[in-house]
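What follows is subunit A paired twice: with subunit B in the first complex and subunit C in the second.
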Partner chain A sequence: MSQIIIQGLLLSGLYALIAVGFTLIFSIGRVLNLAYGAYLMIGGYVYYHFTQVLGMPQIAGILLAAVFGSVIGILKYRLIVKTLKGDHVAVEISTLILAVVIQAGIVLIFNDSSKILHPIVPGVWRIGGATVTFNILTAALASWAIIIGLYLFVRNTHIGRAMQAVSMDVKGAAISGVDPDRINLITWGISGALGAVAGVFFASYTQLNPSMWVAPLIIAVAVVIVGGIGSIIGSLIVAHIIGFMEIISTTLIAAELRGVFTMLLIIGVLVLRPRGLFGREEL
Partner chain B sequence: MSGILRSAAAAGALLFAVQAAQAEVKIGFIGSLSSDTGLSTLRGAELAIEELNAAGGVLGGQQIKLIKADTGEDVTEGIKAYEYLAESEEVDFIVSGSIDDVSLGWLPRMVEYQIPTLDTWTSYIGIIDKLVEDYDSYKPYFMNIASDEALATLYIDFGKDVLADKMGWKSVVILQEDTAFGNAINGLVSEALAPNAGIEVVDTIVYDIATVDFAPLFNRAVDSGADFIYLISSVNSQVVSSQYVKLQVPMGMTGVNVAALGQEYWEDTGGAGGGISTLSPVPSVGFALDPKSQEFVDKYVAKYGDSRPKFPHFNGFNAYHGVKQAFAAAEEAGGFNNSSWVDAMQKQDLILEKDGQMWLRYGFWGRDEVEPRTGRTYPHNARFDITDPYDDGSPSMVVIQWYEDGTAAVVYPEKYATGEFQVPSWVKN
Partner chain C sequence: MGIRWQHIALWLAFIVFMLALPELVSKGTLRTIIFANFLAIFAISWDVLSGRTGYISFGHPFLVGIGAYTSAILSYRFGFPIAASIPLAVIATMIGGTLFFLPALRIRGSYFALVTLAFMELMYQLVQVIRPDLTGGTRGMSGIETITRGAVNNYYLSFSLMIIIALAMWLVMKTRLGTALSAIGMNEESVRGSGLDTTKLKLAAFMIAAFIAGLGGAFYVHYLGSIAPRALFDINFLFTIIVAALIGGASTIIGPMIGAFFLTFLLEYLRPVLPGAERYFIYGGIALILYMYQPKGIYEVAKQGWSRLRAARAGAGP
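Let's turn to the complex of A and B:
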């Protein structure tokens, strides 16, 4: 039981970090950014290139990953989302296509073989019968720190409050003097950076692979669908539901069914509670 | 008039000579052009062809032209690739670096076109069984790697000699990917290796090949109370290997780990691959090479050493020697004319010695020859030896181990061992 609790908490922390950037875009821009998984992939590969190939310090690798993710997010907003404004289907299709194009680019630059990242913090800790790597512990702690920081940013800063206003009512926010375009741009930049950093931790926990963007995208979509239109707290709760479900199914039922329960949960929520478990929440 | 005739005759003779000099023999390569496996076979074949062409050509001075057909490791693409080589390019001979399923896909096309074909990677015994059952239809097929039944027989010996007797392990938990390959090897371990070695299978954990988080699975394995983990992984094996190392799972792990077969394994695991052992066809990583094999490796590295795979996998050796043997058979048979070429190919026999003893052998089992230990025939399969002292053929497999310092060694059988089987430093034996 202690293993399930420890591993569930650690995995859920990582899932929360993966999902929060996606939730942010969906909540403010009402856009399902299906290229979100590509931010994670870019973040992982940027970190790999600068730290493992060029030998730069790990902190520099994480910062560079965040910068790359942010720039990609901003460019995507400027070149695609803003251009197709209002046409949600076109935005979703184009973001999905963009993810595939980025995958092809990664194959071209890094080839299609999987790569394993060195642990960000090496070592293991055995506690309550469970083996915990310092790497996943660091990832979970960093996730919590980033999510708390984001929560405080949204609640306590002028830009954060403007993001909340745009998420609730774009026209109302504009009348109150908020520039929705600028807020969207900032949000896409933050989302890209969060996704890229999540990608570094996710890849260091699993692997780097040109198709690694799919699994985190499914997690992020599941969090939004199950949680509702989205809030940071709601995303956190649902990330924990999914994380614990995966650990419980893997440990107690059958390892090959790991993702199946997440899918069943999505279908169940869509049928029984289309607005999600938490409905429409404040950001 | 006679002068004109003489000039015309001379011109005709010259033209004929030029045509003969320009004539070429087409051979096909079928396999993945983007995998280490496929590229190993391709490059081995390319080096053999280069040498044959440089030595004046084959079959009366003709140059060999290699046509490549990519399978992408996909069955449908493999069938199309074989058809392309047969119908569009009309090749005389095909060398294959296909994986099991792809070879099974194009095999009916080989029966249809009757093109001499040499497989260098798949070891699926079911293909050899087809030759046993219907020799006339399948006789253009040769496989110059020991079939998996022969691999299994020797591997059971490893279970008894090393895992049970030397390590004292009495129970195992099987960690198996959810594939046909995984099920087949699980059957081997549960029904043959474990009972023969007196090892009890206490649990089997099956995982999806998309799994990237093995922490809960390793915890379950530890909870089972088994002495060691038997891993069966052919897809993305570097992920499970690296997590075993990163998590410092406190029990030994051996088994079948396809990623660990290549020299790129250490780089692919980011250096987190120590302690992993796997069975491997020969010559494997860590295998002491005879002078001829070393010569091939030196040529390979000089030509391809800058790109993956930087070092040939076992099937690269198979392709290099196999292509040369196929042409030696063609010289003897007067071409790739089916029946006579098959007879000549069966007689090919290359024995490579090291320190005065047989080290590797590239030959084939005859149609009716019975392998003494298993008591069955292996027509057109590589001539292997599964009984110590391995003086009638190459061993069907060896067990290799990657150590924590990034080196690799053969740990079984004794004759070929270059290192000792050991558990990683974080495991208390």
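Let's turn to the complex of A and C:
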């Protein structure tokens, strides 16, 4: 029982981090970035290459992953999203194609065998009957720190408030002197960095392989859709629902069924309550 | 109806050319064309649903997969003859299509795309876990009965299937139903405002799409003789279907066919130049650039080029 609660809490923290970067883009640009999962994959592979192949320190690996992620995010905004000028369907389909291209690129550079990351922080901690690896504990703590930091950034800084303004009303923000293009660019950069860092932790929790981007994309989608767009609290709650559902189905039912309930949740909520459980966004 | 004799002449010329093809090309090329034919069927099915009505489906492999799995299980595990298992598979796919249709009653756009993606992933996971004794689990099934043998026979079979579906869809889209479906893609509210029952129209589009997907999936599995979950319920398969329809030209009939042949031959002709993993990278890159350059597809590019040519000729004339 304590095993389920502790594992569930830790996994949910990781899932919240995965979803945060995706929510950011969706609430500001109203664009579904289907290549979001590719940030996670790029982050994981960059970290792997610099720390495990080149032997650089871990903190440098994480920072480099963030830099790569944000550069790719900015390029994606400049080259794809801006070129297509807000045609949502076209953006979704091109990001889907881009994700497949990035997957092929990863196979090209690193070949398609799975790779195991060394734990970022090795060691195990036993409390009660539960065993907790320091690795997932670090991931959960780091993701809480990042989420709180992001929340404060969006609330308290000038750029953060400009981001909120653009997400509410682009024209209104432009009239008040905010440059929506610049804000969008910054948001895509931040989202890419968040995705890449989440990818390092996600990869150390599972493993690296060229098709690892699908599962986190679906988790991010589920959290954003079910939580309701623009609701940070909603996203956090849903990240916990999904995290606990996975842990419960893995430990009590069957490990193969771990994703089934997530899919059923997406389908059920979108069909019955299209605005999400906690959402306020009009469709 | 707006059918002119040029249309019929073009279709006939195309059919005659394709029927003569086995005399002209090698067996290997024929096998490539067989894949292109099946891809064209799936892309036409996607286009009926998504290209016309604007309900973008990211879960089309779900429908194709139901058709393929139903027919495979019926014939391989229960010894049904193919003549019975394929119609039953089509019926099963249409039932699956109604399931697919439920979310379209309330949501559209990106949200609909996501639900259908969830359907596909759900199916992928369920197929491996529920009754692996029937579905073959992760490894799938092999040694499924095939309809005919040899490249030439299979070529004729797949081409006939594709051309019948394409012609039937071409005729259906010329009727008022086709016009109404395209109108839904432009503005659903005004279609409803003009007194048409959009729910019924959408249901018709979903049923036609499911029918084609099921038929294509069932024939495909009896061509391959094997089936595996990762080959079907996969984002790469989805990518190929959608990109074939879009690169060729959505909401046309000839477009998805052009797209399917273009993609299949692109991948095939890259093989001698780039034997390794680079191939998929270049292939995806070309698809991305083509789509970004003209989201309406090759058909539109050709049409614009043609009218520009005619304008230039008319301008140069006396």
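The rule is simple: the second predicted complex is superposed on the first by the 279 of 283 C-alpha atoms of A that agree within 3 Å, B and C clash if a C-alpha of one lies under 4 Å from a C-alpha of the other, contacts with A are read in each partner's own complex, and residues count from 1 in each chain.
Here is the rule we go by: contacts are C-beta pairs under 8 Å (C-beta built on N, C-alpha and C of every residue); 3 or more make two chains touch, one makes a residue touch a chain.
Treat the numbers as computed from the prediction; the structure is a model and nothing was measured.
> Between subunit B and subunit C, positioned on subunit A by superposition, is the outcome a clash or a fit?
In the superposition, subunit B and subunit C stay clear of each other.
> Of the two partner chains, subunit B (first) and subunit C (second), which one does A:V221 touch, if any: first, second, both, or neither?
Only subunit C is touched by A:V221; subunit B is not.
> Using the superposition on chain A described above, determine whether A:L32 touches subunit B (first), subunit C (second), both, or neither.
second
> Which partner does A:D112 reach: the first (subunit B), the second (subunit C), both, or neither?
Both: A:D112 reaches subunit B and subunit C.
> Is A:V271 in contact with subunit B, with subunit C, with both, or with neither (first, second, both, neither)?
Only subunit C is touched by A:V271; subunit B is not.
> Would you check which partner chain A:I97 touches, where first means subunit B only, second means subunit C only, and both and neither mean what they say?
Second partner only.
> So, does A:E256 touch the first partner subunit B, the second partner subunit C, both, or neither?
Both partners, subunit B and subunit C.
> Where does A:R182 make contact in the superposed view: on subunit B (first), on subunit C (second), on both, or on neither?
After superposition on chain A, A:R182 lies in contact with neither partner.
> Go through the superposed model and pick first if A:H88 touches only subunit B, second if only subunit C, both, or neither.
A:H88 contacts subunit C only, not subunit B.
> Please work out how little space separates the C-alpha atoms of subunit B and subunit C at their nearest point after superposition, in whole Å.
Result, nearest C-alpha distance in the overlay: 5 Å.
> Show which residues of subunit A both subunit B and subunit C reach, each in its own complex.
Correct list for subunit A: 111-112, 254, 256, 259.
> Give the list of subunit B residues in touch with subunit A in this complex.
34, 178, 205-208, 210-213, 215-220, 222-223, 236, 238-239, 242, 246-250, 264, 268-272, 308
> Write out the stretch or stretches of subunit C touching subunit A in their complex.
By the definition above, subunit C touches subunit A via 54, 56, 58, 102-103, 106-107, 109-111, 113-115, 117-119, 121-122, 125-126, 128-129, 235-236, 239, 242-243, 246, 276-278, 280-281, 283-285, 287-288, 291-292, 295.
> If we count contacts the way the header does, which residues on subunit A are in touch with subunit C in the complex?
Residues of subunit A touching subunit C: 32, 80, 83-84, 87-90, 92-94, 96-101, 104-105, 107-108, 111-112, 211, 214, 218, 221-222, 225, 254, 256-257, 259-260, 263-264, 266-267, 270-271, 274, 283.
> Which residues of subunit A touch subunit B in the complex?
Counting only subunit A, the residues touching subunit B are 3, 7, 11, 52, 111-119, 122, 124, 126, 129-131, 133, 135-136, 205-207, 209, 212, 215, 247, 250-251, 254-256, 258-259.
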